[in-house]
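The two complexes that follow have chain A in common; it is paired with chain B in the first and with chain C in the second.
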Partner chain A sequence: MNCKTVFTIPVFGGIAVDEGVVVTWIIMMVLALLSILFVRNLKVENPGKVQLALESVIEWGENFFKDIIGEENKRYIPWLMTVALYLACANLIGLFGFKPPTKDLNITAGLAIMSMLLIEYSGIHKNGVKHWCGHFAKPVPLVAPIMILEIFIRPLSLCMRLFGNMLGGFVVMELVEQVVPLFVPIPLSFYFDIFDGLLQAYVFVFLTGLFMNEEME
Partner chain B sequence: MTGTIIAIGAAVAVLTGVGAGVGIGIATGKAVDAVARQPEAEGKISKNLILGCALAEATAIYGFIIGLLIIFFLK
Partner chain C sequence: MLRLDFNLVLTMINLVVLYLILRKFLFRPLMNIMEQRRTMIADGLQHAEDTKKEAYALKSQYESALGGAKEESTRIIGQAKKDAKAEYDRILDEADQAAGKLIRDARETIDLEKEKTLRDMQSEVAALAVSAAKKMVKQQYGADADQAAYDQFLKEAGDAHDDK
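What follows is the complex of A and B.
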């Protein structure tokens, strides 16, 4: 259940590389290779079947995120789609015998910190530093401490939600497989591995988009 | 002896799941009600339902994490 160290980089007294990081590298490699493979030979005149399928998928994703953060903020859509893709792969990779990297608190914390920085950056970029400083005292100045705490609570809850769901699913699946190794884990695996994994990936990017939207008002 | 007390502590932490269960149950009941009244709005309703369920579930997840932390770090 704990994250194992795969190998140690022998600099600065040894940097331990965890299992989750290695699995993340594998996902990055696969996604990068697939992107290079699919994006080769794109044509404007009579496109192929692969290009048409790819275009419809990307357009569906773009429309989906446009509904959340609005047409005028579409510069953040590629980031949200990338995170959604990574999280979907990371949560589903348990099916291929790897340990899902989102089961490691460090990785979800990293993702949540990136979300936090982007949420605050999007607010500053849209409305300026002055408005950003002013919005903490928006309804009444009394709520300012709570508003400042919210900066840190939002990524904390994003990170804990993802981590807890994945770890919970993993623990339940391990326990069930120890009690009944045959047939019974299959329907449970559909719920805990596939449905819950995709749902949590969706919820993570959905909430990030929602918070950004809130910040950019 | 301490092992028993730690187990009881973890069990109390996991009781947070009650709130999430009740909340998700009420939300799902209301969503079914809404779909029965307006079947054409099912897409929007289920989107909001999933979001609400994920938010309501967070409390149960916090309890679970606290339970794990109690078991692992109070030995």
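What follows is the complex of A and C.
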């Protein structure tokens, strides 16, 4: 249950690298290799089956995020799709015998902080610093403290929701496997690993997009 | 489990790196291709639309040209008919005139002939009268002789006329 330290980088007095980060590296490597492998010989006319499949997936994701953040903010879509892809892989990697990195608070906190930065950046980029500073006092200046707190509450909720769900699922699965190692874990694994994992990935990027949209108004 | 340390920073770096990798190898190429295809399809549709418009323009042009040709042909036929009618009338007129002239000529000829015949006849009658008078004088004098001479004259004159 604890996050094991895989190795320590001997700089700055030793940086302990956790399991989750190493698994993330593996996921990154696999995703990069698959991308390089499949995204080749792209054709405008007569695309192959692999290309068609990839295109339909990308297009589906693009449309999904366009519906949330709007056509004019499609520059953020690749980032959101990257996070969605990473989270889907990270949550499902338990099926291959790895510990899901998302059950590590450091990982979800990192993701949430990146989301926070992106949410605030998108607002500032769209409406300017002045508007961004001013929007805390709307609709009445009285709510300003709550609005400022919201900057941190949003990523905190994102982080904790993902972490709690994944850790909970992981723990339940471990316990079930301890008690009944055969057959019973299969349907539960479908629920906790696949369904919950994909659902949490979806919720994370969906909410990030929603908050961005809110900020960009 | 519930501790935050440098792994958080590593995660953020990881995410940025993953984003850059996927953008370079996955999203950019695919989205470019999709964009190109969209542009191509839009171009194709635009081209088809243009071609269609052009075809319609040509069609209306041809139709108007065809209509003009029809009018022209109708006009030509009308003109030809008129010309033919005029020619026909002219020929008929000429024929009429020629026939009239012929008839007039024939009549004149006949009249001349008649006159000539009449003149011939008169001279014949005169000759007859002279010969009858000669005979009368030669034969005898008296009423009988007058009567005979008259009969003779009538007979001869009538014969001469019967011949004709």
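Keep in mind that, in the parts below, the second predicted complex is superposed on the first by the 217 of 217 C-alpha atoms of A that agree within 3 Å, B and C clash if a C-alpha of one lies under 4 Å from a C-alpha of the other, contacts with A are read in each partner's own complex, and residues count from 1 in each chain.
As a working rule, a residue touches a chain if its C-beta (ideal position, glycine included) is under 8 Å from a C-beta of that chain, and two chains touch if they have at least 3 such contacts.
None of these values were measured; they are calculated from a predicted model.
Student: Looking at the overlay, what does A:Y202 touch: chain B (first), chain C (second), both, or neither?
Tutor: First partner only.
Student: Applying the document's definition of touch, where does A:G168 land relative to chain B and chain C: first, second, both, or neither?
Tutor: Touch partner of A:G168: chain B, not chain C.
Student: Just chain B (first), just chain C (second), both, or neither: which does A:A109 touch?
Tutor: second
Student: Can you tell me whether chain B or chain C touches more residues on chain A?
Tutor: Counting residues of chain A touched by each partner, the higher count goes to C.
Student: State whether A:V21 touches chain B only (first), chain C only (second), both chains, or neither.
Tutor: A:V21: touches chain C, not chain B.
Student: Contact-wise, after the overlay, does A:E55 reach chain B, chain C, both or neither (first, second, both, neither)?
Tutor: The second partner, chain C, only.
Student: Look at A:S157 in the shared chain and tell me whether it touches chain B only, chain C only, both, or neither; answer first, second, both or neither.
Tutor: first
Student: Based on the A-chain superposition described above, do chain B and chain C contact any of the same residues on chain A, and if so which?
Tutor: 167
Student: Which bits of chain B are touching chain A when the two form their complex?
Tutor: By the definition above, chain B touches chain A via 50-51, 54, 57-58, 61-62, 64-65, 68.
Student: Quick one: which bits of chain A touch chain C in the complex? Just the residue numbers, please.
Tutor: That would be residues 1-3, 15-18, 20-21, 24-25, 27-28, 31-32, 35-36, 39, 42-45, 47, 51, 54-55, 58-59, 62, 78-79, 81-83, 85-86, 104-107, 109-111, 113-114, 167 of chain A.
Student: In the complex, go through chain C and note every residue touching chain A.
Tutor: For this pair, the touching residues of chain C are 1-12, 14-19, 21-23, 25-31, 33-34, 36-37, 40.
Student: Within the complex, which stretch of chain A touches chain B?
Tutor: Going through chain A, the ones touching chain B are 157, 160-161, 163-165, 167-168, 199-200, 202-203, 206.
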